[in-house]
Amino acid sequence: MASSFGETLRVSVFGESHGTAIGAVADGLPAGETVDEAILLDFMQRRQGGKNELSTARKEPDVPRFLSGLTDGRTNGFPLCIEIENTNTRSGDYKNLADIPRPSHADYTAYVKWNGQADLRGGGHFSGRLTAPLCAVGGVALQILARRGIAVGAHLYSVGQTEDTPFPMLPDPGLFDKIAAKKFPVINDEAGAAMQREILAAREALDSVGGTVECVITGLPAGLGDPMFDGIENRMARALFGIPAVKGLEFGGGFALSAMRGSRANDPFTVDENGVITTETNHSGGVQGGITNGMPLRFRVGFKPTPSIAQMQRSVSISEKINAALEIRGRHDPCIVQRAVPVVEAVAALVTLDVLLSDGRFGELGTVAV
Amino acid sequence: MASSFGETLRVSVFGESHGTAIGAVADGLPAGETVDEAILLDFMQRRQGGKNELSTARKEPDVPRFLSGLTDGRTNGFPLCIEIENTNTRSGDYKNLADIPRPSHADYTAYVKWNGQADLRGGGHFSGRLTAPLCAVGGVALQILARRGIAVGAHLYSVGQTEDTPFPMLPDPGLFDKIAAKKFPVINDEAGAAMQREILAAREALDSVGGTVECVITGLPAGLGDPMFDGIENRMARALFGIPAVKGLEFGGGFALSAMRGSRANDPFTVDENGVITTETNHSGGVQGGITNGMPLRFRVGFKPTPSIAQMQRSVSISEKINAALEIRGRHDPCIVQRAVPVVEAVAALVTLDVLLSDGRFGELGTVAV
Amino acid sequence: MASSFGETLRVSVFGESHGTAIGAVADGLPAGETVDEAILLDFMQRRQGGKNELSTARKEPDVPRFLSGLTDGRTNGFPLCIEIENTNTRSGDYKNLADIPRPSHADYTAYVKWNGQADLRGGGHFSGRLTAPLCAVGGVALQILARRGIAVGAHLYSVGQTEDTPFPMLPDPGLFDKIAAKKFPVINDEAGAAMQREILAAREALDSVGGTVECVITGLPAGLGDPMFDGIENRMARALFGIPAVKGLEFGGGFALSAMRGSRANDPFTVDENGVITTETNHSGGVQGGITNGMPLRFRVGFKPTPSIAQMQRSVSISEKINAALEIRGRHDPCIVQRAVPVVEAVAALVTLDVLLSDGRFGELGTVAV
Amino acid sequence: MASSFGETLRVSVFGESHGTAIGAVADGLPAGETVDEAILLDFMQRRQGGKNELSTARKEPDVPRFLSGLTDGRTNGFPLCIEIENTNTRSGDYKNLADIPRPSHADYTAYVKWNGQADLRGGGHFSGRLTAPLCAVGGVALQILARRGIAVGAHLYSVGQTEDTPFPMLPDPGLFDKIAAKKFPVINDEAGAAMQREILAAREALDSVGGTVECVITGLPAGLGDPMFDGIENRMARALFGIPAVKGLEFGGGFALSAMRGSRANDPFTVDENGVITTETNHSGGVQGGITNGMPLRFRVGFKPTPSIAQMQRSVSISEKINAALEIRGRHDPCIVQRAVPVVEAVAALVTLDVLLSDGRFGELGTVAV
């Protein structure tokens, strides 16, 4: 077992880049929830490649097909299976990878683990393409959460050395919509333009570049999550490290807190005229002891640069046990982080819904018009 | 369910700071493994407080008592239960916490979650004291791994703004022993002295300070772990975020990779004269696609500053819904990160052993003299 | 989460009787295993309806389509997804079920659980049709086990009051093949003829009849399974009660042992000239303390009669809260137990493979020609 | 992992018969629940041996000690750990078992599984003594359920060939109390007297005898449990087969349904004047499709005879690979089924509470005076 996560809501992802189809099963969704397919397609479109010179040329329509779990446009309580056919595959591009592993890809580790039996064309099951079904089921979760006043938003926080403006402490969901509508998902478009220049420069250098995504979840009730190993941070962490290329994760102030004193890092409590308890700052990222405190849940995910680059690289021939140069042709994104923004939202939404369901708190959330 | 982790080897932690006892059950350990109690006590001693002015004055002997799972000094295949009695508790110190939550502690979130029914004296089940049983069962795992040539080592990477020398790319287990024998677990003792000054300065300011721990695991076979959500990174992440005060985690180059280009971040493969495939650098931290590549597994954990500080802080009275000043007396560490070093090792050892057992790879490891 | 089982090999079933498709994902299969599709179709054919007057008239081709996990006819280490399209649905037959629940069906319990939001046309996700994907992935497991000398066989042990000859203590896999090749899966064809008469008599009376299935697994190594709650009996039980209409399960002598004395029920050990330890009898069904002893694993599963019968039945109108008569038209099997025989084999094979993988014992099994 | 069960409420059992202590951790209990220790001791007393000539002479006080999870007599939201010290052990009795396995015990299977490293004195972790901590945490669950109007009752349904009167379709909790207060837990005391004669006759013949336990849970809401593999039947089955010596389990009519026609086996629905929907009969045992229907949950558990008998038995010497006679001295119950009655109740209560918590239905249950 490997490609699933969640306790009460369990998501299983299947498929290989160059197989028949990719997809996901989400078991444990609440019943009677409307799925707006147009909104879902819009959401999925955000991670799609092929739009411009920043992304790979591969163009798959990526239309999700609901095999089960949906009746007359509403969840029916049973496992939701979404399938996406693979239509545009040119596996010839990857032929010599079988023996010469791409540096910092899973080629070599998968080779060892499965004794050469894994199907790694196009990255196989490790391909970034597998994030499409994650977005499909995550998009359903986002709609269910939105109806309860819970909003999940993310933006490209940095590309290489260039940083966007961080989210404000109490972001308005309207800001999330605004970012989602942009071609390049940043808050500050000037920073965005600089990031795009950084990506294009990397591309011209036959190189790639990494980046980070900041994500915030608003509208969460306090008291969600369990202590120690089943906290909302633990569950987010387990799922988020499943997104390809993620190498770092921090909640709230994160690593910056490690360099601070307690008097600055602590979030003082305060109560407003309605008796609502909040904190003056949110260095904790909305979580203390693994449990939400009612402030926005906030975390940042670090992605390494796309390991597929067009430059000649040093590798080895596994069969011949000799050093070997590798030149990858195929189609590659010089940066995948802008496309990972909705993927982070999707995973965050699925984990959030799972924690709400595990805690038995989902039913008590009122619904709001969306 | 909350206070347990692991799949094949399942660790369950129990106890509250001021209850009768704390402890842990480890179910799924291999049978016939010698447990050297002297070595175990030495290991546990490393996380113990009360040693000097850097740590809290609370002195608990913290002698583990084996209730089950051990026969004639060897694991017997059945669940290992280790209990540590609580002997030195002064709960009066924490009396007013019931109503006025300590900033950035779990007091408030636990209050909301359990409607005021949680026993939070001394931090309750959230107390750093609960890391003692983690070290007890983790210490057993460390001995089992050492016998298979797998070494787990960690050091204090930073305190506040001061940084230690990082681990070399291929650290020798002898280095781990050297660090473990030090009063202050750093590689570079000059950096260590500066860190201690930073801790004492915080203490004098009635304040606290955060830090980071770097951990490396050597001797792991390649091919360990599963793709997507069950990789060794995912499983480490789930468990490591269960250590109190952890707010960040990065593998290999981590967040620094996000600022790099692929040509620099990628780890070129190379093969030596014996046909052994390694990588020239280890920015991946020994993991690609969630699966080990045979290089040392390397990660860094960020701890926020101890939230308990002696300064007056702003908080609220939960019952009266008014703002309230809070002055915490009790006993507090100005920095807990030096004590967290063996805790990180313990958790890393438990997760490593679990992944080895899940993969059915444990049996194939030869034993070495230790 | 509901429709999945297994620890290391995790099977997730999806689909509703009258939805787009039904299917299953099997995550954790060993890589490099050949899947013979002709053999698989033969196996699946055994549970198919529409063959004769004993079964429902519904004829679905039930051809499995591999969406993932298979490359060039071999498992590739990644999740195997099998989909079966629903082509022959006449949901009008079930229209009035929405309000008047069929006695001893899940209509009412599903109505309550999902507040009327479940899609129960044709039984929805509770339909016996969902056993088709179970057979598809179970058929793959059977092929993998057969290659290791592990055979799973079952027969119709009883229908109503009529009983077949039980399996011998040490059945030959050839016997399993012989039964599998029969139109009516019994050992003793005379008993089989009597059973068929009992089924037809029930049908003529607009009624249905229950039965039992006996299953045996040969070739298992001793020492498989874990104590207490993770024994092979526990894991079998969890999965087998997931087959629709199962209401009883007994291992070895089962309930009959409860009426015996220990001196008769105990299985004496004996050792043969090759030093192989076996037991003289197998009242334990091959399991002691949840762990296999090397004798055939043997169990019996009890199925209640098909709850859909053509007779008028007493029910209620949920909406009007009044008693209401119900006459079910549609297509129904007067007995489903003969069709459940391969389903029991499929589930038994999946659990067996999962236990082998969890115990890290799979790799040590040699392969045999099949 | 082996000795734990449950999803939201996770119970882990530890200890060996002749180790330092036995115990259990229950993680996930609701907070604020009063634990009446006198009632708990009374409940635990019901499974205690040493009372009379029907049971073993071993007398352990079996007083549970709460190590954690309880503050001022109420659950505090954190893992509840209960420990019972082992005080009366005479392991010499079992010395020769190490090499000559007792027929139908786990001696041999444990030997193979752990290569002779398991501690099997007194049955080790497989001993019936491990049911004491199950009763301790199960007794806590029973108190929590009782407060919500959910009652769990069981009686000795049969010993050897002698049967008690079955529970009525709608048993009153008062009946459960009456049975619990009896020295011999039956409904019909005449049948009970006959059973006791059967047990004593077995004892005089240096033999043992098996039996069955019937259990009923009243007051459950309809709609509890999940389809397929996560139904309340599946979860009960997984846990109940963890009680030593259980070899059979049937829900409602169970195996008898397999011999019936549908027209007799189906439970017709009916609605009363208050609009409450029930069934006229309860052959389904309160469950359809894995989900409760609001009728009492009813099941029967079959226990094999105590495998330890004083007669000479045929076994083998594992080391010498020769046949060997075995005479077990030690202390043994000629029948353990009467002592298993509260164990079945304990496990049933824990599973029921777990399912209620998993479904998020616990909070909606009102409390009643008990």
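Should a chain be cited, it is by its letter among A, B, C and D, assigned in written order, with residues numbered from 1 in that chain.
Just so it is clear, contacts are C-beta pairs under 8 Å (C-beta built on N, C-alpha and C of every residue); 3 or more make two chains touch, one makes a residue touch a chain.
Computed from a predicted structure; not experimentally measured.
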Farthest chain relative to chain A (centres taken as mean CA coordinates): D
Selected pair, greater C-beta contact count between B-D and B-C: B-D
Chain centre separation (chain B, chain D; CA means) in Å: 38
Distance from the mean Cα position of chain B to that of chain A, given in whole angstrom: 27
Centroid spacing, where centroids are CA-atom means, of chain B and chain C in whole angstrom: 45
Multi-partner residues of chain C (at least 2 other chains): 1-4, 7-8, 13, 78, 110, 113, 125, 227
Touch list for chain A against partner chain C, complex: 1-4, 6-10, 12-16, 19-23, 25, 27-28, 31-32, 65-71, 74-81, 83, 110, 113-115, 117-119, 124-125
Chain C-facing residues of chain D, complex: 1-5, 13, 101, 103-106, 108-110, 112-113, 125-126, 130, 158, 160-161, 202, 205, 207-212, 222-231, 233-235, 237-242, 244, 247-255, 257-263, 265-271, 275, 277, 279-280, 283-285, 287-294, 302-309, 311, 313-316, 318, 321-323, 337
Parts of chain A lying in touch with chain D, wherever the complex brings them together: 7-8, 78, 227, 357-363
